[in-house]
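In what follows, a structure is listed as structure tokens, so that the remarks can point back to it.
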Amino acid sequence: MSTTSLWEYANPVKFMRLSGRVLPWFAGAAAVTLVAGLVWGFFFTPDDFRQGSTVKIIFLHVPAALVAINAWIMMLVASLIWLIRRHHVSALAAKAAAPIGAVMTVIGLFTGAVWGQPMWGTWWAWDPRLTAFLILFLFYLGYIALWSAIEDADTAADLTAVLCLVGTVFAVLSRYAAFFWSQGLHQGASLSLAPGTRMDWAYKAPLYVCMTGFSLLFIALLLAGTRTEIRARRSRALMVRERMYA
Amino acid sequence: MDLTVTDLTVARGGVPILEGVGFALAPGAALVLRGPNGCGKTTLLRTLAGLQPALSGDISCPPEAIAYAGHADGLKAVLTVAENLEFWAAIHGTHGIDAALSAMNLNDLTDRQAQNLSAGQKRRLGLARLMVTGRPFWLLDEPTVSLDTASVALFGAVVRAHLATGGAALMASHIDLGLSEAAVLDLAPYRAAPRLPQGFDEAFA
Amino acid sequence: MIALLARDLKLAFRAGGGFGLGLGFFLILAVLVPLGVGPEPRTLALIAPGILWVGALLASLLSLDRIFALDFEDGSLDLLATAPIPLEGVVAIKALAHWITTGLPLVVAAPVLGVLLNLAPAAYGWLIVSLLIGTPALSVIGAFGAALTVGLKRGGLLLSLLVLPLYIPTLIYGAEVVIRGAVGLPVATPLLFLAGITAGSAALLPFAAALALRVNLR
């Protein structure tokens, strides 16, 4: 088997080489797309006839929420890859994704509160969508805490991967439980693939640009974070060796 | 069935500490592992017991045939001597703890709670546990810690009796156990060579 | 397996086993809440189902770190892992022992504390039923969390941070059963969800917990 497969990039050396080369491009593309999308969204879209200019926070709120959820999905996939194929890069990528996802969750919750205040007259409501997001944040916290509590790197990778798997199931259960528990104020999903979506293209186009920008930002941060984790792991391994064979 | 170990590499904290370990232990034989502190005796025993994976190499005998006794005896402080022993007998599906009790001279202590035993008595109870597992291969990590001379002799007799019934024992110990027939394996030659990092991969784990 | 269950129960009931601590905590919580909220019976009746369920949750959380930590410290866990019973079975049995010593007393005590909190008469039956069905899930999920943190020096606080989010679905459906029962609404849907979570947790989590234990032992 001499074909080049995707798994080769699970090798730390190859990953470092490739990621070092593409990282500036992703970072640059993220910056350009975000500036373009946000400027377009904030200054070149009409006010909503009902919600006024407050609606424009959607250009931060929705992309952040999108990344917050997809970061967890990415962690789930990376955890599975680690458990099944034992590629260290994969485990470290999951570790690097968690803080990014947690921050995005906070951004989503914060922008939601800022938006909710003028719209619903309250900063916080126990709306199922909000609640589910708050719960997602708790899961991020637990995951990050477990990573930082365990010293041995492989043990930490194994245990956090198991937690991620079980946590995913319970996060999904919690989401449905939250929807069962309270019917909310929140509007339905902002974007839908089904025909007859409610949003005008004047909003949708810049929103898509912003979502692309946030996704690119996530990839750039993820690459940078994973590179940092790999370097930290490597320096630790070198120190252990030095101690053992001194 | 022999316990044959071929070209075994074991790691502690992801770093190989013993490599190329090989020996064979036939029924009726005893082997004493020697080596300085931290050379990997405990890691080797835990690997053989199936508690941690080997980096490479073969172990011919399944963990189901092995009874492991580590530094801790696994005793419950509020259970009596008999209750502690009966529990392990039940877990291993064997019956009768009397032989084990008298072999380790614990007959007078059966109703005493484990928390009221001296360190040496606890150790004797921990070793009596091996007898109720009914497993042929005993892995013992520093079995004679806190035992007095008489108890060491007692322990030697128990191991000899186990060997006579077709069992085998692998012991890590610094002191002479009075088992003249036991072979000795010095682990120093198997110490894993320092692997100087040559590339990113090598320095990774 | 039976021997393990018998041993764990014996250890819990003997001196120093910690049996009753969770129950005492549950009682104190049910006393503190009215002191904090005020004696108004209508308010208390309104929040009683939630308080009782949150109390049960926290009370069962208290003793979780003992499930594996004690056996880990004295070496029993190593020996159990090399014993002829599967580690998944060990987890299930230990979760069962935890439920018998913590969850079951809570079920029995909850109606008494319901009186303190002025719980609606119609809700008592559903309180017992929901706790009876829901608390086993708390023990199994807790055993999973305890398995994750067993090797850690200060695992207790981390354990709550890991386990409490996992308790959310159980809490929501469990309290919902009591809330609906109190006002005479049909309870079948949340009760079925609650039973589903318990059954699913009991069937699958021992495997995840055993995996985590093996990782922690190596």
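Should a chain be cited, it is by its letter among A, B and C, assigned in written order, with residues numbered from 1 in that chain.
Heads up, the rule we're going with is that a contact is a pair of C-beta atoms (placed from the backbone, for glycine too) under 8 Å apart; a residue touches a chain by one contact, two chains touch by 3 or more.
If you're wondering where the values come from, they're calculated on a predicted model, not measured in any experiment.
Enquirer: More C-beta contacts across B-C or across A-B?
Expert: Of B-C and A-B, more C-beta pairs in contact link B-C.
Enquirer: Can you tell me which chain is nearest the middle of the complex, judged by mean CA position?
Expert: Most central by this criterion: C.
Enquirer: Can you work out the whole-Å distance between the CA centroids of subunit A and subunit C?
Expert: Centre separation, subunit A to subunit C: 32 Å.
Enquirer: So how far apart, in whole Å, are subunit B and subunit C when each is placed at the average of its C-alpha atoms?
Expert: A distance of 37 Å separates the two centres.
Enquirer: Please report how many Å separate the Cα centroid of subunit A from that of subunit B, as a whole number.
Expert: Comparing mean C-alpha positions, subunit B is 48 Å from subunit A.
Enquirer: Give the residues of subunit C touching no fewer than two other chains, as numbers and ranges.
Expert: Residues 218.
Enquirer: For subunit C, which residues count as touching subunit A in their complex?
Expert: 141, 144, 148-149, 151-152, 154-155, 158, 161-162, 164-166, 168-169, 172-173, 176, 189-190, 193, 197, 205, 208, 211-212, 215-216, 218
Enquirer: Given the complex with subunit B, which residues does subunit A contribute to the contact?
Expert: Per the stated touch rule, the residues are 11-13, 16, 88, 152-154, 230, 233-234, 237-238, 240-241, 244-245.
Enquirer: Show me the residue ranges of subunit A that touch subunit C in the complex, using the header's touch definition.
Expert: Interface residues on subunit A, with respect to subunit C: 135, 138-139, 141-142, 145-146, 149-150, 155, 158-159, 162-163, 165-167, 170-171, 173-174, 176-178, 180-181.
Enquirer: Enumerate the contact residues on subunit C facing subunit B in the complex.
Expert: 2-4, 7, 10-11, 14-17, 71, 73-76, 78-85, 217-218
Enquirer: Quick check: in the complex, which residue numbers of subunit B touch subunit A?
Expert: Against subunit A, the touching part of subunit B is residues 13-15, 17, 194-195, 197, 199-201, 203-205.
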